[in-house]
Structures are given as C-alpha cells and as structure tokens.
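Look at the two complexes coming up: chain A is in both, with chain B in one and chain C in the other.
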Partner chain A sequence: MIEFSNVTKNYGKNTAMDNFSIKIDQPGMYCLLGRNGAGKTTLMKLLAGNVAASEGTITVNGEAAGPLAMPESVHFVETGATQFNMRLADLFKAAAEVNLSFDVPFAMGLARRFQLDASKRYKHLSFGMKAMVNTVIAMASGRDILLLDEPVLGFDPVMRKVFYELLSESCAGSTKTVIVSTHIIDEIEKTAERLIIIDRGKKVLFCDMAEIDEKAYCVTGISESVQAATAGLNIISETKAGGFMTRHIYDQRIEASEKYSVSSLGLTDFFVSLVGREQNSGEAM
Partner chain B sequence: MTKEVMALHEEKPVFMQIIEMIEDDIISGTYGADELIISTPQISKLLSVNPTTAQRAIGVLTDRGIIYKKRGVGMAVAPAAKEKLLEERRARFFEKTVPGFVEEARKIAITGDELIKIIKESIND
Partner chain C sequence: MKTMTGIAKINLKQSKTAYMIVGILFFLQVGSEIVTRVILRLEGGGLALGNYLLLLPLLMGIFIPAKNFSKLLNLGCKRLDFFRGCLPAYAAAAFFVTLACLVLWLAVDPVLLSYSSEPSLYNLFDVFGFARDGVAIAFFRMFAFLLLVSCVAHTLTLVQGRWYGWLADALIIIIISVFTPIAPLRAALVWFFHTIIFHEFAAVQILSCLILGAAVYCAGLAPIKAKQI
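Coming up: the complex of A and B.
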C-alpha cells in the first residue's frame, strides 16, 4: 500500500508537489497523467526515495519512505535510464546477483516476447529496445511496486501495443502495483485499471478507468437547451459558437434530446478539458 | 456478436453498449439458459476496450440477475433471463419507441390511416 499525506516538494522556489495526498491500496495498473511539469516524475522520485519530501509523509506498506529509508518493494525506471553495456543474458544474470528476487528465466521469456536479442550488447540496441530492456528488468525484479516513467516514449505504435499487452499480461493475477506515466493516451486508456491525473503538483482526479466511460461526456446543441440540461452538473469546459454550445461534463449521464446531442468524450479529450482550461481561457482573453 | 453490431459508437457509454450486445445475444438465443457467455478478457480484446469497462458491464448484468457466476468456469445466462429481457424490451417498446414513432409521423403530417398502411406493408415485406 502506498500513501502520500500532505506531501509538498519544493525545488528552490519551484513547488513540484503541492500538499499532495493519495492512498493506493489495491494492486493493478495505474495510469498517471499530467502535463509537462505537472509533477509526475517528482511523484515517482519521492515514492522511490530518490528525493526527500519538503513537507508531509510518504509510506510504502506502512513504512516511511525517503532517501534514508528507500523502500525495497519499489522499482523505479526513469526516462532514458541506462544499463551496463553487457549482452542481455549477462545483464539479467548481473541483475540477479544484486537482487536476489530477480527472476532470470522470466526476464529471458519477456525478452523473447519482445523479440530482444539476448546476445546483443545493451548499447547496440535501438532506443525503443533499450526502453524495453529497462522495463523487462523492472518486471522481472520481483518488486511489488513498479514505477515506469514514460516507458513508451519514442516507441512506434506496434511496439506500444506489444508493450501494453505484455504489461497487462504480467499484471493480471499478480499483486503488483504498476504506475505508468505517459503522454500517449491511446493504448493505456484501454489497459490501465485506475487513473491518476495531476496538475501543478496537485491531485485533480483519482478514479477507476471505467468511470471515464460512464461519466465523461460532451453535450452539444442550442445554448439555452444545453445550459438548462447541464445546470447543476460538474462542467469541466465550455465552448460557444453562434447560438450553439458544447459543454464537457464529468458527472451522471444525461439523455440526448432533439435540442442537444450527447456523446462520450474519451480520455484524451477529457484530459485536455480538465487540465487545459486555464490555458484556454488565457488564450481567449 | 456479429461484426456489424460490434462497432461501438459514442452516443452511449461503452459499458452500456456491451450490456446491450450481450442482451441481444441472449434474446436471439445465441446464448441459451445456463450457457457460458463471453469472458471479460475476451470482450476487452474483441472490442478493444478497457477491462474495467467490460467488468462493469458484467457487474451490472449480474446485479440485475441476467447472468450468474458459475464457479470456476465463468458467467452463465440465468434460466429466466430471456423472458425477463423480452419483458423489459417490450415495455420499453410500448413506452418509448411507439410514442416517439407516432410523434415523428405526426410532425411530418402522416395521417393515422397512412401510418397503419405503412406498418402493414413493412410487416409483409
């Protein structure tokens, strides 16, 4: 179990995490979304004990986590992490020597599935392949909590698909908690079980992925009718053109009528509405 | 589920569309009483939707007593499911579909007699 209680992290004058609290008590795959600089990497670094919180407490399985007590159950894969320049087979063996719970046969199996050549040296691999190897090492680490920061950055769509298939396969039926940050929403929208959205160091949303399907929708039609139909609902953004209006909603669904249509938003549009609103209004002014 | 009905649209939440697909298969007899239905991972793979969304659909159908859990094998169609669904769908047909249809006909100036004639003809087709 992971718990952040009122965590603030300052880098000089910059506040990367701002009184942030979250409680993750179910295993599964978590999708961590946020704009650049929203605090995704900081959240992972704090959880891995790479940096210390300025204020507040972080616990992993009930024990305080920080640079002085780096949680053993956490494996953090940074963006662009590198490994020793060994043949993959040797790299996995070396990993097993420093980490007794590392599962070499499992890593070799994953490497085959990813079509990684175990006789190749790490530096001879392509950019995407290196990222795959980093993730394979994380998955075979035997750790309960895996933090993957932008694992699919620079992947082509086919690799992304294979990557998420494998990630969900190795998560299914396991007790692992996997937190994946990304800007590429397409595949993870269909894979992750829960969603964390952060913005400017604050938690904006923490919910089941199924709730997006159910509660995130848009209503378009004649302004007065849309206003009347959505009054009292949680409106996350609004666009007007002529006598017409589109409102993005995160709330109970309403039924379409003759005067307005109702359609699902999808995670990408929902995310943009949710965290992009101040930017939008800024542009309008 | 045939290819045609498998296309998802955006008007309704995906989990509701999955519910309707399974209901349609029960009504049409594709899944008989006590037969196993498609599994959650299969739904998520086939329609390329999030597994939690598929799970949500299965959860709702279970709560409504349309399907039940067969220990160790999967979800199966409840014996009275087909009757129950037909009743629900007929009720919806009389309460919503028919009034909407008549209202639309009135709006475009189709008389009652014409309407009856049109219905008879389309039934005979």
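Coming up: the complex of A and C.
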C-alpha cells in the first residue's frame, strides 16, 4: 500500500508538491496525468525515495520512504534514464547483481518480444530502443510497484501497442501496482484501471477509469437550456459560440432533450477541461 | 551482502576510463624506460613503473561516484547499497594495485636498474619509507594509504556541486595556502602527513589511514542521500 500524507516538496522557492495526500491500496494499473511541471515526476521520485519530502510522510507497505530508505518494492524508471554501455544480455545480468529479484530469463523474453538484439551494446541502440530497455529492466525487476515516467517516449506506434499489451499482461491477476505517467492519453485510456490527475502539485482527481466513462460528459445546445439543465452540477469547463453553449460536466448523468444533446467526454477532453481552465478562460477573454 | 558484492563487481568492471588512463600512462612509461634505459643506456632518475599504477585508486574514487551512481540506480540499485558497494571495490583496487606495484618493485625495478650505473628509480615504497619493515608490512602500509586516497576522492567527488562541496574545496585550498607559510600551522600539516604516510611505526600509519578513510567514506553518506540521479 502506498500512502502520501500531506506531502510538500520544495525545490528552492518552487513548490513541486503542495500538501499532497493520496492512498493507493489496490494493485493495478494507474494512469498519472498532469501538465508539464504539474509534479508527476516529483511524485514518482518521492515514492521511489529518490528525493526527500520537505514536509509530510510517504509510506510504502507501512514503511517510510526516503533517500536512505528507498522502498525495496519500488522500481522507478525516469525519462531518458541511461544505462551502462554493455551488451543487453550483460546489462540484464548486471541488473540481477544489484537487484536479487530481477528475472533475467523474463527480461530476455521481453527483449525478444520488443525485437531488441541482446547482443547489441546499449549505446548502439536508438533513442526509442533505449527507452524500451529501461522498460524491460523495470518489468523484469520483480518489484511490486513500477513507476514509469513517460515510458513510451520515442516508441513507434507498434512498440507502444506491444508495450501496453505487456503492461496489461503483467498487471492481470498479479499484485503489481504500475503507475504510468504519459501525455499520450488516448492509448493509456484503454489499459489503465485508475486515474490520478495532478495539477501544480495538488491532487485534482483520483478515481476509477469507469467513473470517467460514467460521470464525464458534455452538454451542448442553446445557452439558456444548457444552463438550466446543468445548474447545480459540477461544471469543469464551458465554451460559448453565439447563442450556443457546451458545458463539460463531471457529475451524475442527465438525459438528452430536444434543446440540448449529451455526449460522452473522452479522457483527453476531460483532462484538458479539468486542468486547462486558465488556458480556456484566457482564450475566451 | 550479495547486492553489495554485485555492486562492487559492477564498479570494478565499469571503471574503464580509470583503467584506460592508468594503462596508457603505464605503457608509455614502459616504452620510455625500454628506449632510454635499456636501448640507449641513458643515465638519469625517474619514477618507478609501479608508481603509475597508484593513480588507479584515486581515479576510481572519482569515476565511480561521478559515472556509475546514476546508472546503478537506473538498474534498480538503492542508495544505501551504493554506499555499501563502493568500499569493497576501492579495497579490491587498492589490494591489486599494491600487489602489482610490489611485484614491479621487487621483480622489474632491479632489472631496469641493472642497466644503470647508479640507483635512479624512485619507488614510493622507498620514498615513503614503507620498505624499512619488510615486504609484508610495506604491502599493508601502501594498501591502507591507497584506500584512504580512494575514500577521500570518493567523498570529494560526491560533494561537488553542493554548498558543502564548495566549502570543502575552499578549506583544502585554505589549508594548503595558509598553513604552508605559517610555521605552527605548517607543523600541524607536517604532523598530519607524517602520521598518514611517513610514521616510523607501521601500525600507527596503517590505523590512522584506515580510521581516517572510514570517517571520510562515511561522510559521503550525506551527499549520496542528496545526489540527483
């Protein structure tokens, strides 16, 4: 179980996490969304014990996490992480030397599936392939909590598909908790079970993906009708054009009528509506 | 324990830059000795071959924290394991370098000296006075000294880029530049180097190197805690 209690992380005068609290007690795949600089990487670093919290506590399976108490059950892969310039087969063996739960045959199997040549040296791989190697090392780490920061950066669409299939397979029926931060929302939407949205170091939303399908929708129609129909609901954003209006709602569903239509809101639109409010209001002005 | 050994093994394998620098220097000196002393029979003093190998523990103390730290963590190593896994690598490096240096001192230096009419090779075993109590004691004195060198280089590399790193650098410069011209302070400096290098009692020199090395190495835990990947 992962628990952040009132965690604040300051980098000099900048606050990356601001009194952040969350409790993750179910295994599965979590999608971590946030704009650039929202605090996603900091959240992962704090959880992995790579940086110390300025205030508050982080516990993993009941034990406090910190730089000198890095949780044994966590493996964190940072964007652009570099590895020793060894042949991949040797690199996996090296990983097994520093992490006794690392599964070398499984890593070799994953490498084959990603079409990585295990006899190639790390430096001779392309950017995308290096990212794959980092992902393979994480997935074969044998640790229960995997933190993948922008893991598909540099992957081609085929590799992204393989990657998400693998993630689903490794999460299915296992006790693994995988937290994936990405900006390619449409792809993770199909795989992730739960969603965490953060903005400016604060938790904006933490829910099941099914809840988004159920509660996130948009209402479009004549302004007065839309306003009347959505009064009292949780409106996350709105746009106006002439006498028409579209409101993005995160609340109980309402039925469509002759005066307005109700349609589902995709995760990307939902995310943009939720954390892009300032941008929207700026554009509106 | 297994993790510690694994990290030490990786650190030893992945110190190629240090090996390359020392190897180049060593073989250049071998070439130079063969040409000047053996072929041309030129007289003149010079550093013994083994001295060039002594650079290895120093360079490993710099390159391991500078180059291997992030990569080990990316492989899944924990910070505390990194702290535990560096010292065995430095100890192994100091052991093998001392051994190689000893072999060169005992087996190769006499051969090179046979081409000169006067003793003109300066080996640190002789210069530091390690040789006066026999080969075994000389080995342990050099080993302890090299381990101290690795630990100091390791911690000084780790603190670079942090405020206490700048403070440590400034203090070293101040100690060297201020202590040297002022007689009582110079005496303190002389006493320090006498204790860790030249002390007439081998046990005092060995113990002071090991204790100081351990203290300096442990001080490296704070920068390891704060070091960015």
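Throughout what follows, the second predicted complex is superposed on the first by the 282 of 285 C-alpha atoms of A that agree within 3 Å, B and C clash if a C-alpha of one lies under 4 Å from a C-alpha of the other, contacts with A are read in each partner's own complex, and residues count from 1 in each chain.
To be clear about the criterion, contacts are C-beta pairs under 8 Å (C-beta built on N, C-alpha and C of every residue); 3 or more make two chains touch, one makes a residue touch a chain.
Quick caveat, the model's predicted, so the values are computed rather than measured.
Q: Look at A:D208 in the shared chain and tell me whether it touches chain B only, chain C only, both, or neither; answer first, second, both or neither.
A: A:D208: touches chain B, not chain C.
Q: By the touch definition at the top of the document, which applies to A:A52: first (chain B), second (chain C), both, or neither?
A: second
Q: Of the two partner chains, chain B (first) and chain C (second), which one does A:Q26 touch, if any: first, second, both, or neither?
A: neither
Q: Let me test your reading of the model: by the given contact rule, A:L68 touches which partner, first (chain B), second (chain C), both or neither?
A: In the superposed model, A:L68 contacts chain C only, not chain B.
Q: Counting only touches as set out at the top, which of chain B and chain C does A:L100 meet: first, second, both, neither?
A: In the superposition, A:L100 touches chain C alone.
Q: Using the superposition described at the top, determine whether chain B or chain C touches more residues of chain A.
A: After superposing on chain A, more of chain A is contacted by C.
Q: Under the definition above, what is the set of chain B residues touching chain A in their complex?
A: Going through chain B, the ones touching chain A are 10-15, 41, 44, 48-53, 55-56.
Q: Mind pulling up the chain C residues that touch chain A in the complex?
A: Against chain A, the touching part of chain C is residues 2-3, 5-7, 9-10, 14, 68, 70-81, 85, 221, 224-226, 229.
Q: Per the contact definition, I'd like the list of chain A residues that touch chain B in the complex.
A: Within the complex, chain A contacts chain B at residues 168, 172, 189-194, 208-210, 213-214, 217, 253, 256, 261-264, 266.
Q: What residues on chain A touch chain C, complex-wise?
A: Listed in rising order, the residues are 49-50, 52, 67-70, 72, 75, 77-78, 81-84, 91, 94-100, 102, 134, 137, 141, 143.
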